[in-house]
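Below, each structure is written out as structure tokens.
Shared between the two complexes below is chain A, which has chain B as its partner in the first and chain C in the second.
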Partner chain A sequence: MANLNIDSIKDRTFDAIVIGSGMSGGWAAKELAEKGLKTLILERGRDVKHLKDYPTTNLYPWEFPHHGVVPSAVQEANPIVNRCYAFGEDAMHFFVKDAEHPYVQDKPFDWIRGYQTGGKSLLWARQTQRWSNFDFEGPARDGFAVDWPIRYNDIAPWYSHVEKFAGISGNKDGLAELPDGEFLPAFPLNAVENYFSKHVKDKYKGRHVISARCAHLSKPNQIHLDQGRGQCQERTLCQRGCPFGGYFSANSSTIPWALKTGNCTLRPFSVVHSIIYDEKKGKAVGVKVIDTNTKEAIEYFADVIFLNAAALNSNLVLLNSTSGRFPNGLGNDSGTLGKYVAFHNYSAHISAEYDGYKEWATDGRNPAGGGYIPRFRNVYKQETDFLRGYAAGFGAYRNNTRNSEGIGADLKHNLAKKELGGWSVGSHMMGETIPKESSYVMLDKDKKDQWGVPLLKISVDYDDNDAKMKKDYIEQMTEMFTSAGFTNIQAHTDTRAPGLDIHEMGGVRMGNDPKTSMLDKWSRLHACKNVYVTDGASMTSTSCQNPSLTYMAFAARAVDHWVNEKKKLNA
Partner chain B sequence: MNRREALSRVGLILGGTVIGAEFFLSGCKSGSSVNTDDLFSKETAAYLNEVGETILPATATPGAKAANVGDFMAVMVRDCYTPEDQKVFKKGVSDLEDASKKKFNKGFMEADAKQRTELLTALDKEAKEYNSKKKPEEPNHYFAMMKQLTLLGFFTSEVGATKALRYLPVPGKYDGNYPYKKGDKAWALS
Partner chain C sequence: MNRRIAIRNMALILGSAAVLPSCLGDKNNSKPIVELKHLQLNGDEQQLVANLAETILPKTDTPGAKDLNLHLFAFKMIDDCMNKQQQDDFKAGLKAFADAADAKYKKSFNDCTVAERTAFVNEAEKDIKDKAKDDAKMLTFYQTVKQQTVFGYTTSQYFMTKQVVYELVPGRYNAMYPAAKKEAV
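Up next, the complex of A and B:
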């Protein structure tokens, strides 16, 4: 380092450092800065400012050279990210391209990443559900992974805390398996979604089809207006970044809020090499960063480090943070670091038709996407030949009939007139997978990236439990669809690699016992108590809810814990 | 709108399989491609505009030529088609011209509107019959490509989306239970 004088060190010293500016890092930064801590946010990618850096947000379809289709040269160069549903001509600038940040696939794994301020929070599908005790008690009841060190009551107030600020639309459905939250008005179900909801409720005890809960401002409160965000306008072009701030992203919400306090500094282009552990002090003292523009190594110092680099990259940072005390990665006394990685199984969906309600249609576009079916398998007790269960999406829609026969004026007329066909319905599975020691990430022994950081080697796979669960999803949905009078029911399965769900979790799991887990009940390393991990890496099990809301709640809770600990020390 | 959705909706516009869709979705293994300068000369684009206009003519609303689908076809074939489909498309332009000469003793550009419609109606029928027997590994029919790209280009163009269809960039609401009346214009892709 060029300059080691005392002023320079002072300039590089903060109360707290947050590694990562996405879904959970944004929350950590906001909470820290609001509580008056001088906070440095390190972002490995470029800065993306709300509104200013959404280049496609207001483009019309005809303003894209290929009217939305990704050119073949881009596809050819990006077989991995090209498989992501949101990788279109309008949003491809927010995704990591395959060649930019290589990794090693010991087994096939589609690692979908967004390296910029806000991370993947710009691109997420915005579905937000709380966990219940049926989820937190899962590993202990069913004998896998380790027991979660917390229960629903520990995190419930933090769900409320983040929901109020982020803005979550939904109904109070009163379901034990999917606790209600602090909701803005729900987006409505349509005629056939309502019909199916009622049918399922009447015919199937314990099964429910509810309006999907999502992070959209259906009706903003003052706290959302204070963030400069406005009501969702139902454009459903969210992946471009929203000009209204209609959905929650770190870019539109937590990051600008944190910066506005004056306590927060955002440093983009900062790849974290490792967390610096001081053997004498017995704690972490800072972070070693590589500036991606200058390739210069710079050290930043703080009392506390929040690691929110996204699930697998948080594993990478800890694995690469070695010292005499922690030769196998920071906090890794248990040997579990990088292991017990899991994900969500999205590899089946089902489609059908319904001949009815033809007098009804919809108007506008539903940002929530339709209905959500909470897990109904093995909730109260084990009842199948597989562990755990799945949630499912459910949607109904009517398409225009398209007669594209012939050419000429008749063809044009036929295609331009509004004439809807009958209702189509569809559902997709979101299955819990079981974290296993054999599903892991580790540092590649030889290969390094351009900043000298070892590449991550990923070895994660499905198992027999996933296959049985997938079969059950198809059987149960087929039966429910048949019972509801749906016709032309077709099950579809695919062989997608793990990772494409973009719900990878684990490797730095929470647990009560330092011998079998990395983090304690406050999300901090058992063995290095001033490092908190509150992103997907910390998940002991995956359940089947969309995970982001839980990461946010963990992040806010962890900051509160740190600040209270500090107060106790200073008292 | 994500791309999968876009493509499925494109499929809806087109009323069937989208040529290149599997390619749009899965990426291509492109080797050497045809000479695009030659394929997509100004003259070719103008020619394709006339083909497009015959497929979707100006009526009470503007037609495909007003949307400049010729240039769109050129861009899409160049950037989004496989080399095999590019070759079929390129040869298709001269096949179409040959068919016109054979039928009317003059080129497509010299043919009048009635003749053009007659020719393309026959080619449309030919492509449909070809497709009904086509094995997956066999090449696509060039006229099916021209028709699909005309429909896609037109209905996602400014005139197509806003004049022939209704385009609503900012709905501002979602009503899940809206009485259905047929007869209005269909909605354009967002």
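Up next, the complex of A and C:
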């Protein structure tokens, strides 16, 4: 019996544990397994295997029972996730339903989640931009949050590292505020996007409209073919999972790569309840897991733990990992755990028409979605009455004049018209928000989930800075649209709750000072050096670029750091 | 289309909803064509929707609503994708629509000739254009049927392979494509 027990502990002991198999956890696992560490990935959801588990991927619109529309019973049962634009009949099986995993909204917050192998990397819009020094120097320059403990040069090689493997399409635009990367060919701008790009460049110093950079294999390299992935075929049905592996997801890329090394084990249906801290050893020794099928509690052990459960769930795991040494959550000497949560402000967009370039159209579909306008406000110096700035999407589309007027033969004719109409253009804002102590998450005092884990209580809100920035976005875009000769300009604002941007960040921020931050410059807990957090939770500020590429780069960098530290110890 | 295929296609469209095979065709029949989960419609009401769909998108030299089972698709959408309030409004609007047809032609919409049905629906179209408010319920009902029939049509296999070809895998993005070539498609 005794032997059995020892064997059992041995079976449950690894060199490294990764919590979460999504965008960032997949990277941690790949790097660890490639470097020869026996790695266990713990994933709370079900396993979703590339190709095999994409049930809708090859369906035509008419093959869906409701031709793509989400039935009202599902909509009514899921007011939160139903607000996400990608929650359609083709992809709803990859989203967490509201009732499955409740949380407490102290203030309205749309928490959009994907609990399965790959996490939200299956569903994302694949927009990938590097952050720049203007972002990493932001808090220090503008006096909010705390100073980032790193600068662009620290992370730049890791951006290159992940870009080469993931496959990012883009142009070398030579902009300091949006550093260039290791790009595959960009998806080009169309006639009107190009026109607007030229116009803005001529008329507005420091403003640019570039091809959106995105995680698509526009022209795969050998390293992508080695992953079993092929060229993107411009389906733009990515949220279903791609039969070609044309976009980057953990499912198509990092997870199978990690498993192929033979060093990695993936355990789905495993909710991490907490990280186990050993007071005598002064470090984390493993994690407590609840098997969601058997409800059994199991402990797994490792020298190092990578926490990649996605921003707010990583907060939750740390908050729930209490011990005599850390009564307020693992590593929480500073009292900042769960605080300084921020997000991106997407609550304004603008549309218009353009009466030119009628000789041009587009053919096929653009996976990149069109153009991207990097932040131009307050970049080199403070110039407005709000801090920081916003990036914006920009796209031009030309539809045909199909319409549903009339009945009978007329209607049939109107529905099948092949004449092209004019161009429409649109843009949406992506604003940086300021992390504040008053925007936080904490454990609910009473309510628990079915595995005995306290529910997360979320209290995150906009502020005056966001309102001013939104106003400026509309003013500036309206002016730029007007100046470009666009007509019928319509600005729209909405009152969406934070969270729907799906770029929630913070709560376990990096910083130089253990008294005011959770993580050091290597993404490990100041107070528990064998726990690394490299997802959105670790972000000191939010920048206005899409964040996932940065999470991936931090994950790869942290693994490299751990492996080097081990080497030093063993030397 | 032979009857067995017709029934099989209906089953495909309706999924779990039970099809009652005795009631195919457009003859007046008080038995419902199909049993729905939420929306309670009798046979006459279902026939009215089917005949209305056929009036909106009739068989010409190309298939019409009944050929393509668009009425069944509309039932499914209204049953599954509209909430209770919308379904109640739909039923009320259906009654208003039926009553108005009765009043005008002294017979039911189902008993009207194709020409009468077309004239009646054209009038509804005109009222919507003129924003006539008095028949709001009936017009909402009409618009719902039209919307679902058109949606079913434009996302049907027939339309997406024969009229405007939908490509699942374009395999290309040409950002600068001559409009002249595009219009020729």
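One rule holds in what follows: the second predicted complex is superposed on the first by the 566 of 571 C-alpha atoms of A that agree within 3 Å, B and C clash if a C-alpha of one lies under 4 Å from a C-alpha of the other, contacts with A are read in each partner's own complex, and residues count from 1 in each chain.
The rule is short, and it goes like this: a residue touches a chain if its C-beta (ideal position, glycine included) is under 8 Å from a C-beta of that chain, and two chains touch if they have at least 3 such contacts.
Worth saying up front: this structure is predicted, and the values here are computed from it rather than measured.
Visitor: Return fit or clash for chain B versus chain C, each positioned on chain A through the superposition.
Guide: clash
Visitor: Of the two partner chains, chain B (first) and chain C (second), which one does A:G262 touch, if any: first, second, both, or neither?
Guide: After superposition on chain A, A:G262 lies in contact with neither partner.
Visitor: Answer with first, second, both or neither: which of chain B and chain C does A:P71 touch in the superposed model?
Guide: Both partners.
Visitor: Considering only touches as defined above, state whether A:Q239 meets chain B (first), chain C (second), both or neither.
Guide: The answer is first: A:Q239 touches chain B but not chain C.
Visitor: Which of the two partners, first being chain B and second being chain C, lies in contact with A:N82: first, second, both, or neither?
Guide: Once the two structures are laid over each other on A, A:N82 reaches chain B alone.
Visitor: Tell me which touches more residues of chain A here: chain C or chain B.
Guide: B
Visitor: If you stack the two complexes on chain A, which partner ends up touching A:N403: first (chain B), second (chain C), both, or neither?
Guide: Only chain B is touched by A:N403; chain C is not.
Visitor: I'd like to know which partner A:A191 touches here: chain B for first, chain C for second, both or neither.
Guide: After superposing on A, A:A191 lies in contact with both chain B and chain C.
Visitor: Go through chain A and flag every residue that touches chain B in one model and chain C in the other.
Guide: Touching chain B in the first complex and chain C in the second, residues 60-62, 65-73, 76, 187-191, 193, 233-235, 237, 358-367, 398, 402, 404, 406-409, 411-412, 415-416, 418-420 of chain A appear in both lists.
Visitor: Taking the complex as given, what residues does chain A use to touch chain C?
Guide: 58, 60-62, 65-73, 76, 187-191, 193, 233-235, 237, 358-367, 398, 402, 404, 406-409, 411-412, 415-416, 418-420
Visitor: Help me check something: in the complex, which residues belonging to chain B touch chain A?
Guide: Per the stated touch rule, the residues are 1-4, 6-7, 12-16, 23-24, 26-30, 54-57, 59, 61, 63, 72, 75-76, 79-82, 117, 120-121, 124, 147, 151-153, 155-158, 161, 164-165, 167-180, 182-190.
Visitor: Which bits of chain C are touching chain A when the two form their complex?
Guide: 15, 55-58, 60, 62, 73, 76-77, 80-83, 86, 118, 121-122, 125, 146-147, 150-157, 159-160, 163-164, 166, 168-183, 185
Visitor: Which bits of chain A are touching chain B when the two form their complex?
Guide: For chain A paired with chain B, touching residues are 60-62, 65-73, 75-76, 78-79, 82, 85-90, 187-191, 193-194, 233-237, 239, 358-367, 398-400, 402-409, 411-413, 415-420.
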